[in-house]
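Paired with chain B in one complex and with chain C in the other, chain A is shared by the two complexes that follow.
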Partner chain A sequence: MTAAAALAQRPPRLGFAAAGVDGWTLGALIVAGCVAIPIGAVLVLAAGTGSDIWGHLIDTVLARYVGTTLGLMAGVGAGTLIIGVGTAWLVTNFGFPGRGLFEWSLLLPLAIPSYVIAFVFTDFLEFAGPVQGLLRELGGWTSPRDYWFPEIRSLGGAIAVMSLVLYPYVYLLSRAAFLEQSVGMMEVSRSLGRGPWRSFLTVAVPLARPSIAVGVSLVLMETLNDFGTVDFFAVQTLTLGIFDVWFNLNSVAGAAQIAGVILLFVMVLLTAERFSRRRQRYHGQGRALRRAVPRRLTGFAALLSTLACTLPLALGFLLPVGLLSADVAANLELVGGRAFLTSAGNSLLLAAVAALVAVLIGLQLAYGVRLSGNRALKSLTRVASLGYAIPGAVLAVGVMIPFGFLDNWIDAQSSRLFGISTGLILSGTGAALVFAYVVRFLALSQGAVESGLERVTPNIDGAARTLGCRPAGVLWRVHVPLLRGSMLTAAILVFVDTMKELPMTVIMRPFNFETLATQVHQFAASEQFAEASPAALAIVLAGILPVIILSRAMRNTVHIDTRAEART
Partner chain B sequence: MTSALEISGLSHAFGRTRVLDDVSCTVEPREIVCLLGPSGCGKTTLLRLAAGLERVQTGAIKLHGQTVGEPGWHVPPESRRIGLMFQDYALFPHLTIADNVAFGISGLPAARRRPRVHEVLFQVNMQAYADSYPHMLSGGQQQRVALARVLAPKPEVVLLDEPFSGLDETLRIQVREETLRVLNQAGTAVLMVTHHPEEAMFMSDRMMVMGPGGIIHQVGAPAEVYANPANRFVATFFGRTNLITGVVRNGAVDTPLGTVAAGGRGEGCAVDVVFRSNGVILSTADEQACPVEIVSARPMGRDTRVRFKLAGDEAGATYLCRVPGIFTAGGSARVTARLDPAGAFVFHRGGPATERTSVSGPFFDPSADDA
Partner chain C sequence: MKKTISLIAAAAAMPPVLGPGTAAAEEVNLYSYRQPFLIQPFLDEFTRQTGIRVNVVYAQKGMLQRLKAEGRNTPADAVLTVDISRLDALTNAELLQPVSSPVLDRNIPAQYRHPQGHWYGLTTRARIIYVSKDRVKPGEVASYEDLAKPHMKGRVCTRSGKHVYTVSLIASIIEARGEKAAEAWLRGVKANLARKPQGNDRAQVKAIKDGVCDVSLGMTYYMGKMATNDKKPEQKKWAASVRILFPNQAGRGTHVNISGAAVTEHAKNKANAVRLLEFLSEDFAQKMYADQNFEYPVKAGVEWHPLVAGWGKFKSDAVNLDNIARHRATATKLVDRVNFDG
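What follows is the complex of A and B.
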């Protein structure tokens, strides 16, 4: 077909094309809209008060839920802050035995979901466990009344185990911030008469504050999201309250209202995070002019530093993984058992489908935004990627309610038209669960694709278009090959997070459908720790993948930095 | 015969910033037209509109008589058969040179595609690099590959966006000759954008000078635009100029450096006399001319850059002049200056871009580095 012939056929001027909305934008708008529905549903439900149970909730449990949640957040926030900032400062500024190893291995606890470490430590520290057993033997005691031992299944215990597995967020971000700081800043402070400690607290930490704040808000979002630990430890947080009200009081409306209260927390955290990210840009001086050469520590100081870094690593990763492995080794027949294999298969399938869907949708949305710059699409994708901040239990409420409406509507229509009741055909299926995973983890895949796309100049798109490629062709022939790495990373992140996900899975899974996470939760709840171990270990092993990706990304930035340094 | 590319009444704005103001132009088949203008004046936007990468807001774009863009009507870039070469070349980093060149002709059967790729790579003398990747090539080589990629689908119109700006000075001259040869060989209509006056003059059959805000100041053959600039902006664009103000008396303007014909400007009209740095003749023998005082003389190799002022005018303005070869008559000798009518132009006072021209302030002078 000649160009002239192609140009001669004018389509009608009406329709979306005239309004500047092409097929791509329209498709992206629809998908983004679908993903935004549960988030919107929760917001709407939270706004609409006035159900009967609300007053009852306020009178009875709400104060306790809120108080406990605040206590947990304060404790985990403080714990991760101290561990994360402290270890980051040590490994960026000092040389001591094991520093190179700690630099990446301090990320390892990220691989362990808090509900896994919770039951492992409970098994380890409870009355019948090895630690107390040893103490009794040494002290010659026989009953719990003879000695004092901290109760792990408590608010304090929850704070401890969650701090141990969540501090890497703070570590990662504050380490990056410390690396960016020019050594000159510290030297100026020292030369103006402040000692190393005061300089650290009054110069280095304030400069890194925006990054640290981002890390802590991520930690607190994870804290709000946690269901397994607080359920197991019977710590009455708001998240646990959703389950209580929904399944014990049988009130969806009440659950939605508690979800609304959690959303208030989330909004505060999100605002703090966004605000800090914005300040990060102003505070970061880009690349340090001159990097501090890590000061070599000797003697007692070196020993203390090594110990300070070993402790979180040992307690947050080595010990729990060791205990798990020992448990699994002792009950090897369970690994070949039906329960484990079925749930492992289910987990793999769900996680693979969720990862695939999330990456495809992330690609579609990110490319749609790049293609059109449509303002409605831009804000809708922003809303659609809010899922990462919304706790799984809340999101489950947001997914179940519209799905329930849809099911009822389909059922009513079908009864009216054909006289057949369809029942609930969508809720409680794997599809609804995958949808929920995608809503929750879309930010991961979309973010990865977006940052990959940003590295490609728009002229590349223009070149492909003028060479005769349609927008879909540009995506397929140019961007997909260029984005392969980012998409793989995104898929792995979503895959692993889906495997670890507990609250949504518990609420939304099909009847009698077990995943590794629900199996860990169930066995742990009935104190069958040996039975829980294989599934827990499998989740942890999968969780190591993103840690490898993170530590490689971390090392790459370091390499670039040192190369730049060598040039100056 | 219809024009290969016809742009009429094109205006464009990004938010409140106007980047094109009622631009009209044509490019005939086999013709090379250069759009010359300072950086950031909307030249690239014109190319992107022609290629279909932006939607037309006001005006119309026709390719071989067919409207491809006007408000409410937009033929997507992939259906226009227009080649656009980007300033940064935009080679696909994941494809080999051969695959880059083949990208636009992937619809052809392999039996015809491969010879065509070979042919255009041969034209730009890059056939030895068919299996290399873009990052392995130098800037000049990447430029040639980008050109080959644009030409491979035999487009009806080729648009070049600052095709030589990524190259260093010596390479630029060589690549420019190569490019001109290849383009002439290909025989397509070319619209090229540059901020480099010398480049535009070298490449174009016709040139258009565009100013800030996307206003076209003059269209014409390069020699004509150079010799008869339409206004001060155009005159200044080709190199440093000097300014003397005056009033028209008896069809001419009297200046201290001589009398210039007013070129039809009204009696008593306030005018600017603009003369280029090579539009004034310094002499030690011309007793009739205006005596001047040399402020500085900087040898630049091919010529000497001389700054002078009128004798006895201590606080007065200084003027810039280029003298071929080495200028020896500094210091003691009595030097006079006289305007060369071919290098001095008379414009109405307050014409375009007045506020942007200082006494000797050009927009751009590729070799200028005021001593």
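What follows is the complex of A and C.
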């Protein structure tokens, strides 16, 4: 990045001049280092002894684990790309019946945990479910040997349900990019004789590529960390292998090694994506953006567009919520009790604090990288964001080990020096849990902020600095107003994901502490889904409001940007 | 740095709600692998009788690592768990301490407790075969071995070979007949599967009801849960479509596993923890604990739930559960070698 490099060459003002490290960079390095510790702890675990699992795995299941994992990633990647980019393009550029509604409601599946949609769909589509029941009645069949129906508990099934709840990441980020694209580019393309489809594929999509790439990589990381769905669907991925090695072969080191292999997967993928667009820049022109008036569609095209937006919404949100609600109706006594309300309160509090902390840290790191272009910081930030690709239970172990070590060290020192035992100060507290969420979800907040920052031309930083603004001032007076949309996106993604987060919450929580997710877990663990439904529905409902806020805010972002840019 | 400070501020703001369980005078801190809705009723009763408050964290994956990371300062005094493999893993990681108590020794048969008192079994559950009332003729299936015979082709359902229950069963076959025979058996069962292993034990009974298969492996307690399920009355129909067959009654007996409890190595409230274990081994809690989940009390003479009693008495495999835990890794690797879940 040439401009960023130019910024980095400014005269350093703080005492780290010799090392070329200023206060901002140093602060960011420390924070990124802290967040990266648990990931390091997982890798240290992997170096442990008693993990001679690879010979056995290579001889037996490894090829299948890897094949299935790649298949799942390819399927979910393609699925979310098509649904996410396609619907984002439609609602941003065309007018058709329901567009205003789809604009925000297409985000709603984000609120549905994939472990919930998995069991809901299985209930619906399996042999004893209503769909096959109806088919049997119509066809006069009686046994499963009489007709063919796709098996929902399969790789295909896993790809379908995961795509349906994960596409909003791609939708969200690509829509933000499309909204910020100047209509001029498309007009130029069209006037040069390219049709709408070719303009979309050769101009709009390539321009939105950094955002789309962030969206898809978030999806793929989430796909890799998921255990609930693949376990439920009996799809043998590497993630399933982690837990098999951990608990059945009793080798946490082996489990950490497989997690390390997954991280390697992710890093190769991310690096390849970045490498392939290393010579490209994606800054807006820095002029007032003129939004295109959506082109009104009529007839068949309008119908098709409405249908294309209805499908993911109906399958990814309306159907699961409808089915959940039916189960809740049968379990009303579990709703509204004190335990339930306390759980809901705890979930909301944790999610809000985690969102706030994650966004601040994401902003600090993304801006730190932009400001200094410091290689070490860049790499450390990338490593710190990898927590999203590690299964929650494994990452939790990575968080618990350093906390336990620190607590026991403090206790030992205090006992030695003052004769007072401090016990565990941080382990098993809400603070440790919030830290764990930040480690897990930094990729969301940092990614959203970074992709927002990337679209702000460095000339703005340059201009502000020329006018005498210091780096913190540039961030506060220029970027924060410009990034309001991105920061809100980051906060809401982390909020909703924390609400849904299960494995870390379950294992790291304090005594007698329940959240909505742990309520779901205690029933879902024994496949008592009806009893799990009230808490599951509450998680979904709690996610809806922020999602709507986010979507409204996004529509206004463009105006904010325009005003801000007009001011500069 | 500002962010680190806000983390600490968050920590400072939260303790009233989220602080760690601290060791007050009359408390016992429990890490439980069993769900709150199962154990809360008798924990409440324990508090009522003794005045000792029970604090609980319910979790499964990572519990051992949490205990390990917390080390000598762990707040946990006792662990409540299912399946011998988890108790064995905790014992091997040196996270449990030996306890000796005349009450526990009197109430719990030697077969279901650790020789040095590292853990104590509280209830047992039998790994049985569910057979279709309509489609399985008497005598067609009488043992685990029968599931691998050619006449069962396309008629068998089971959950994943990697599930803790299946692995323990395979380990018991390795213990009884050796690894070679166990592998041949597993291959035989795999060849007879009606569908890829999936779902839990309950899902297999549903599959029998639906006609997908005729027999399945399962735990006894699922039968009770289905037969009494008023929330999902359709499950009563699933239960009604099968009967319980206790395998290997003519030979070594049916494989049973336990749920159990143990005192942690660094328990601060050891006396209270032992009291809790003793309470759980006495008639009142034994009946309540077993009835709650349709399991068998370990203490002799405790009345069984009428439904459980209705399934009849049976001969259980008398092998020491420690031996089964020992074959666990071998059993797991067998499942991979046979590609049982593939």
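Note that in this section the second predicted complex is superposed on the first by the 297 of 568 C-alpha atoms of A that agree within 3 Å, B and C clash if a C-alpha of one lies under 4 Å from a C-alpha of the other, contacts with A are read in each partner's own complex, and residues count from 1 in each chain.
As a convention for this text, a residue touches a chain if its C-beta (ideal position, glycine included) is under 8 Å from a C-beta of that chain, and two chains touch if they have at least 3 such contacts.
Please read these numbers as outputs of a predicted model, since none were measured by experiment.
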| item | value |
| --- | --- |
| Contacts of A:455 with chain B and chain C, given as first, second, both or neither | neither |
| First, second, both or neither for A:56, with chain B first and chain C second | second |
| Partner contacting more residues of chain A (chain B vs chain C) | C |
| Chain B versus chain C as contact partner of A:375, first or second or both or neither | neither |
| Partner chain(s) touched by A:338 [first = chain B, second = chain C, both, neither] | neither |
| Which of chain B and chain C A:247 touches, first, second, both or neither | second |
| First (chain B), second (chain C), both or neither touched by A:416 | neither |
| On chain A, positions contacted by chain B and by chain C | none |
| Interfacial residue positions of chain B with respect to chain A in the complex | 48, 51-53, 55, 63-64, 66-68, 72-84, 86-88, 90-94, 103-104, 106-107, 149, 153, 156 |
| Touch list for chain A against partner chain B, complex | 3-4, 6-8, 10, 13, 17-18, 20, 457, 459-460, 462-470, 473, 477-478, 481-482 |
| Chain A residues touching chain C - in the complex, by the definition given at the top | 27, 30-31, 34, 56-57, 59-61, 64, 127-128, 142-145, 153, 233-234, 236, 243-244, 246-250, 252, 330-331, 346, 349, 353, 356-357, 360-361, 364, 393, 396-397, 400-401, 403-405, 407-408, 411, 421, 423-424, 426-431, 433-435, 438, 503, 506-514, 518, 522-523, 525-527, 530-531 |
| Contact set on chain C toward chain A in their complex | 1-4, 6-8, 10-11, 14-15, 17-23, 29, 35-37, 55-63, 65-66, 68-75, 85, 89, 92, 160, 162, 164, 167, 196-200, 202-203, 206-207, 209-212, 231-232, 234, 328-329, 332-333, 336-337, 339, 341-342 |
